[in-house]
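Here subunit A shows up in two complexes: once beside subunit B, once beside subunit C.
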Partner chain A sequence: MSEFDVIVVGAGPAGASAAIKLASAKANVLLVDRADPPGSKNVSGGVLWGDSLSQVAPDWEKGPVERYVEAKGVSFLTKDSRISIDFRSKKFGEYKSGYTVLRTKFDAWLAKKAKDSGAMVVSGVTIDKLSMKDGKAIGVEQAGETITADAVIIAEGANSRVAINSGIKKKPSDRHIALGIKEIIKLPEKTITERFGLSSAKMGFASEYVLGFLDGGVKAGGFLYTNKESVSIGAVISMGDLRNNNQTYSFNIIEQFKEHPFIAPLLEGGRVEEYSAHLVPEGGLAVNSIHGNGYMIAGDAAGFTFSNGLVLQGMNYAIVSGIVAADSFLQKKEKGIGAGANFSNYTDNLSKTFVLKDMKNFRGVDAVTWSNSIHQTIPAIAEEAMLNMFSESGEPKEHLAKILFKSLKERKESKKDLAMDLYRMMRRM
Partner chain B sequence: MKIEDRLSLLNYKIDKSYEHITVNPSICETCPDHFCTFACPAKCYSLIDSKLNFKYEDCVECGTCDTACSHGSVAWTNTKGGHGVKYKFG
Partner chain C sequence: MTLEIVVMIKQVPDSQEVVIDPVTFTLNRSAARNVINPADENAIEAALRIKDREKDVHITVITMGPPFAESALLDAMARGVDDAILVSDRAFAGADTYPTGLTLAATITKMGKFDIIFAGEESTDSSTGHVGPGVAEFLGIEQASYTSNTWIEDGFVYAERELEDGIETVRMKPPCLITVLTNSNIPRNPTLRMKIDSFRKGIKTWSLADIELKPEWVGLKGSPTVVKSMRTINEKKREGKKFKAGEMDKFVEELVSKGILKL
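Showing the complex of A and B:
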C-alpha cells in the first residue's frame, strides 16, 4: 500500500492543475514544490492564453490575474526601425485571448486551490529523483528516503532535474532550450493604460518582437506584456547563437532591447523591480516518452511549449497536460490498476488534445523562428521597402515588387535560403 | 542598468552549508571558450586574471550553465530546503 495515490512534483500550472483535479476526485495526493512559498521560483513571460484552467478552477479570472489582452502586437525591430502588426479587436470580448499574470502570485493562488481541494501541499522540499523498483516508479526519493505513491506526475518545469536524475530525460542541448531573461518595470496603472492606448485599467497589451539588431547578430525574440502596475519585458535568446558568438553577455541583451528607440519610450519613468531568468523549452518534445511505469511527465518538463514567432505559449499546454495526467491516473484507478501502472493512456488521451496535436503539426517550426530570414533578411528588406514607399524623393516611383527584388539583390544572404525559409514558413507556421 | 544592480533587487535564502553547483577547476583551466561567463544570466561565472571564478550565491537556478558548459565541468543540482532565489513576481 503506497503512502499516496499520486505525488505531483512541482507546483506550477501543470502540477497544481493535476493536484486540484486529483484531490477533487478524492484521490490522496501530495503536491510538492522545492520553493517556499510554492511557486516562488517560477517564471514566465507571461500571458496565460485560453480558458483551459476553468476545468479545474472555474473562477480563475477572478483570481490574481493582471490584465486581459485586448491588443496584440508583433514587431520586427531593426537598429533604426520598427515594423509592426498591432492587432486590436472588439471581438476579443467574444473570443478568448489571454490574461497577463505574475507567476509568484498566480502559482501561490493555484497551490492554495489544490490545498483547498484536499491535496497535501508541501513547499521548500526538493525531490531528488524517482524511486524505481523492478522498472517501475514506486514513488520519489527525498534526502535518501522514499515516499511511496501509486503514480508520480513530474511537473517540475524546464530545468527538470528529477527527470534527468531518473534517467528519463537527457540534459538539454542548445537546440532544446532557449534562455529567457525578464525584468519587471514598475509604472503607474494610469500611465500603462494611457501609454499603450488601452480602453481601461483591466485591459492589456501583449507583444512579441524579433530582435534583428543585436550586437554580433545574436538571435533573440523579445516580449513586452502589460500588468496592472508594471510591464514584463524580456528576451528569449538562442543558446546556439549565443555560443557561436561567444562575446555577448546574455544579461546585456535585454538592456539592448530596452534601449531600442521604439521600446525605451514605452518604459520611460519606470523602475526595475525584479530581474529573473528561466529556461524556455524549444524544439518540441523534450523526452522520448511522456509516460512510463508509474509516472507521467507534464508541462515544460515534457517540452510542451508553442512558439511560432507570433505568439509564445506554455502555461495553457501545462494546464491541459496536468489535467489529462490526472484523468489518466483516475482511469487506471477506476479499473483497479494499482501501483506502477503503465500510463500509455496518458499519451493516448493527450494525443486527442491540442497539446500533442500542436506538437506534431508544428514540429520543425523552430527552424523557421530562429532562421536568418526571420531575424535579418526579412526585417532588412521590409525596412528598405517601407522607407522607399513612405518617402518622397522627387524621383519616379517604382513598383513594390521591383523595390523588394532590388533590396533582396543587395543582401549577401543566399536567395535560396530565403526561398527555403519562406517555404518552411508557409508549411510550418 | 548593471547586472550587479539588477541582482541586488533579488531575495535569496543562501544555503551556507551546501553549494548546489560546483565546477571542476582543472577542466576550467584548460577551457578554450569560457562560454559560461557569457551565458549565465546572473554573472556567477567570471574571469579574474584569466582564471575562472564561480560563485553560487547569486544563482537564479535557471540551469543555463549546465547546458552551456560543453566540457563537463559543471555539476548541477537543485537547491535544498527552500534555499536559493525567491521571486516576488516571477
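Showing the complex of A and C:
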C-alpha cells in the first residue's frame, strides 16, 4: 500500500489546485515545493484570467488579488512611436476578464488553502525524479529515498526537472522556451489609478507590447500590469535570439523597454521592489503525452500556456489542468484502480476543456508571434501610415490603401514572407 | 544510559529580507519570512554530530515563542532532532533576555534529565548573546561560549572556544551548556522523508502553567530592562567617484590629497 494517494510536485496554481481538490475529497495528498515558503520561486506576468479557480476556491476574488482588469491594451512599440489598442469596457462586469495578482502572495494563499483542506504541504525540498517500478510510477525519489503514492501529479513548472530526469520530457529546445524577466515597481495606489485612467483603486490596466525597437533586432514581447500599489513590467524574450545575438543582454532588454519614451512616464517616481526571471514555455504542448502509468503532467510542465501576442495566459490553464488531473485520479480511485493506473482519462477529460482545445487550435501560433512581420515590418508600416494620415504636409491627401502600399514597397523585407505571415495570422491567431 | 541533549533555538525574521522603514527608521519584519536563527542552526548541527558519533543520544529542541514558531521546530526535527517543545503563552510577551532565560531554564528543569544544552551564540534580531549563558546561570551548570567544535570523550564534554588570541579547548562534566558560533559548521538539509516524518510526529506545546513559573516572573513584567530611547545614525554619504583602469596615478593622488594615504 502506498504512503500517499497522490504526491503533487510543485505548489503553483496547477499543483495547489490539484491538492485542494484532492484533499477536499478526503484523499491523502502530499504537496511538495522546492521553495520555502511554498511557491516563493514562482513567477508570472501576473494576470489570472477567467474564473477557473472558483471550482476549488470559491472565495478567491476576496483573496490575494490586486486589481480587476477593466482596461486591456495591445501596443506596437517602435523607437519613436506607440501604436495601441486601448480597450476599456463597462461590459467587463458581465464578461469575465481577470485580476492582476502578485504571485508570492497568491501562491502562498493557495498553498495555505491546500493545507487547510487537509493536504500535507512540504516546502524547501526538490524532488529528483519519479520512482518507477515495472513501467509504473510508484512515487517520487528524493535524496535516494522513495516516497510512495498511487499517483504523482507533476506540476513543477517550465523548468521540469522531475519530468526530464524521469525520461518523460525532452530538454526543451530554444523554440520551446522563452526567457521571462519581470520587475515590480512600487508606486502609490492613487498615482496608479490616476496615471492609467482607471475608474477606481480596485480597477486595473493590463497591456501587452510588441517590442520592435530593441538593440540588435532581438525579438521580445513586453507586458505591463497594474497591481494595487505597484506595477508589474516585464519582457518575454526569444531564447534563440538571445543566443544568436552576443551584443544584447537580457537585463538590457527590460531597461530599453522601461526607458521607451511612452513607457518611462508611466513608471516615473517608482522604485524597483522586486526583480525576477523565469522560463516561459512556448510553442504548445511540451510533452508527447500528458499522462502515463501512475502519473499526470499539469500546468507549465506540460506546456499549457497561451500567447497570441494579444494576450498571455498560463495560470488559468494551470488551474484547470490541475483540477482535471485531481478529478481523473478520483475517478480511477472510485473504481478501485487508482494505484499506478494509466491515466488516459486525464487526457480525455482535459480534451473537453479549453486547455487542450486551445493547444490544438492555436498550434503553430508562435511562428506568427515571433515572426519578423509582427516585430518589425508591420509596426514600421503602421507607424509610417499613421504619420501620413495624422499630419498635414500641405500636399493633397492619399487613400489609406495607397499609403500602406507605398510604405510596404519601400521596405526591404521579403514581400513573400510578409504575405505568408499575414496568411498564418488569419489562420492561427 | 541515554545522553539527553537539549537545543534552544529562536525563530527570527530572515535578516536579508528585513527592511528599514525609510520614515520611522524602525525594522519592518512583516515582509520577511521566519527562519531558524542562523547560529541556532549551527547549534542543532553540533548536537546532531554528537548523535551521529555516539550511541543512544536523544535530542529535544525547545523554543519560547508565538504559535507560528512551530515551523522552526518542525524544521529542526526534519534535520534529525527527536522531539520538540514550543513554550508559548501570552504571559511571555515582551520578555527581555532575563525572563527568557528563566523561562527556558524552567522548561529544561521540567523536562527532567539533561546532559548537554546547546544554544546559538546570539540571535540576529537582537544580538545580545545573553540567553544561553543566562540559562546556565539559572540552572547552576558549567558553560562554554564561542565554541566551534564539541565532542565527547571518557564521559567528559570537550569544546573548542574561538577566542581573540587563539583556540581554547575546555573540558566539562555534564550537565553543561554550550553556545555555538555562527558558521562554525555546515547545517545539513532536511530530506523529504524526514520532513514528512516530522510533520506526522508533530511538536509538543507547553504554557506557563506547564513550567510552573509565576506570571510576574515572565514576559514584560519580569523584564528588568527599560528602553530609554532609540535613535538612528545617519550614514556618511560616499562620494561615489570612479576611476578607470590605467588611472592609478590619479587615484593615488586623490587619496593623498584627502589625507587618506601618506606617501
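Operating definition for what follows: the second predicted complex is superposed on the first by the 428 of 429 C-alpha atoms of A that agree within 3 Å, B and C clash if a C-alpha of one lies under 4 Å from a C-alpha of the other, contacts with A are read in each partner's own complex, and residues count from 1 in each chain.
Simple rule for what comes next: contacts are C-beta pairs under 8 Å (C-beta built on N, C-alpha and C of every residue); 3 or more make two chains touch, one makes a residue touch a chain.
Keep in mind the model is a prediction, meaning the values are calculated, not measured.
On the superposed subunit A, the positions of subunit B and subunit C stay apart, so the two partners fit side by side.
In the superposed pair of complexes, A:124 makes contact with subunit B and with subunit C alike.
In the superposition on chain A, A:385 makes contact with neither subunit B nor subunit C. Once chain A of one complex is fitted onto chain A of the other, the partner contacts of A:20 are absent, as it touches neither subunit B nor subunit C. After overlaying the two complexes on the shared chain, residue contacts for A:9 are found with neither subunit B nor subunit C. Judged by the touch definition given at the top, the superposed model places A:145 against subunit C, while subunit B stays out of reach.
Of the two partner chains placed around the shared chain by superposition, subunit C is the only one that A:32 touches, whereas subunit B remains out of contact.
Working from the superposition on chain A, the subunit A vertex angle toward subunit B and subunit C, CA centres, sits at 50° in steps of 10. In the superposition on chain A, contact is made by A:172 with subunit B only, not with subunit C.
Once chain A of one complex is fitted onto chain A of the other, the partner contacts of A:230 are limited to subunit B, with no touch recorded for subunit C. The larger set of touched subunit A residues comes from B, when the choice is between subunit B and subunit C.
When the shared chain is aligned, subunit B comes close enough to touch A:161, but subunit C does not.
No C-alpha atom of subunit B lies closer than 5 Å to any C-alpha atom of subunit C in the overlay.
When both complexes are aligned on chain A by C-alpha atoms, subunit A residues 36, 40, 124-125, 143 touch subunit B in the first and subunit C in the second. For subunit B in complex with subunit A, the touching residues are 1, 3, 6-7, 9-10, 33, 35, 37-43, 60-64, 66-68, 76-82, 84-90.
Interface residues of subunit A facing subunit C in the complex, by the touch rule stated above, are 3, 30, 32, 36-37, 40, 120, 122, 124-125, 127, 140, 142-143, 145, 147. For subunit A in complex with subunit B, the residues that touch the partner chain are 34-36, 39-44, 102-105, 107, 123-126, 143, 158-159, 161, 171-174, 177, 179, 181, 183-184, 230, 239, 242-243, 245-252, 255, 272-279. Contact residues of subunit C toward subunit A in the complex are 33, 190-193, 195-196, 199.
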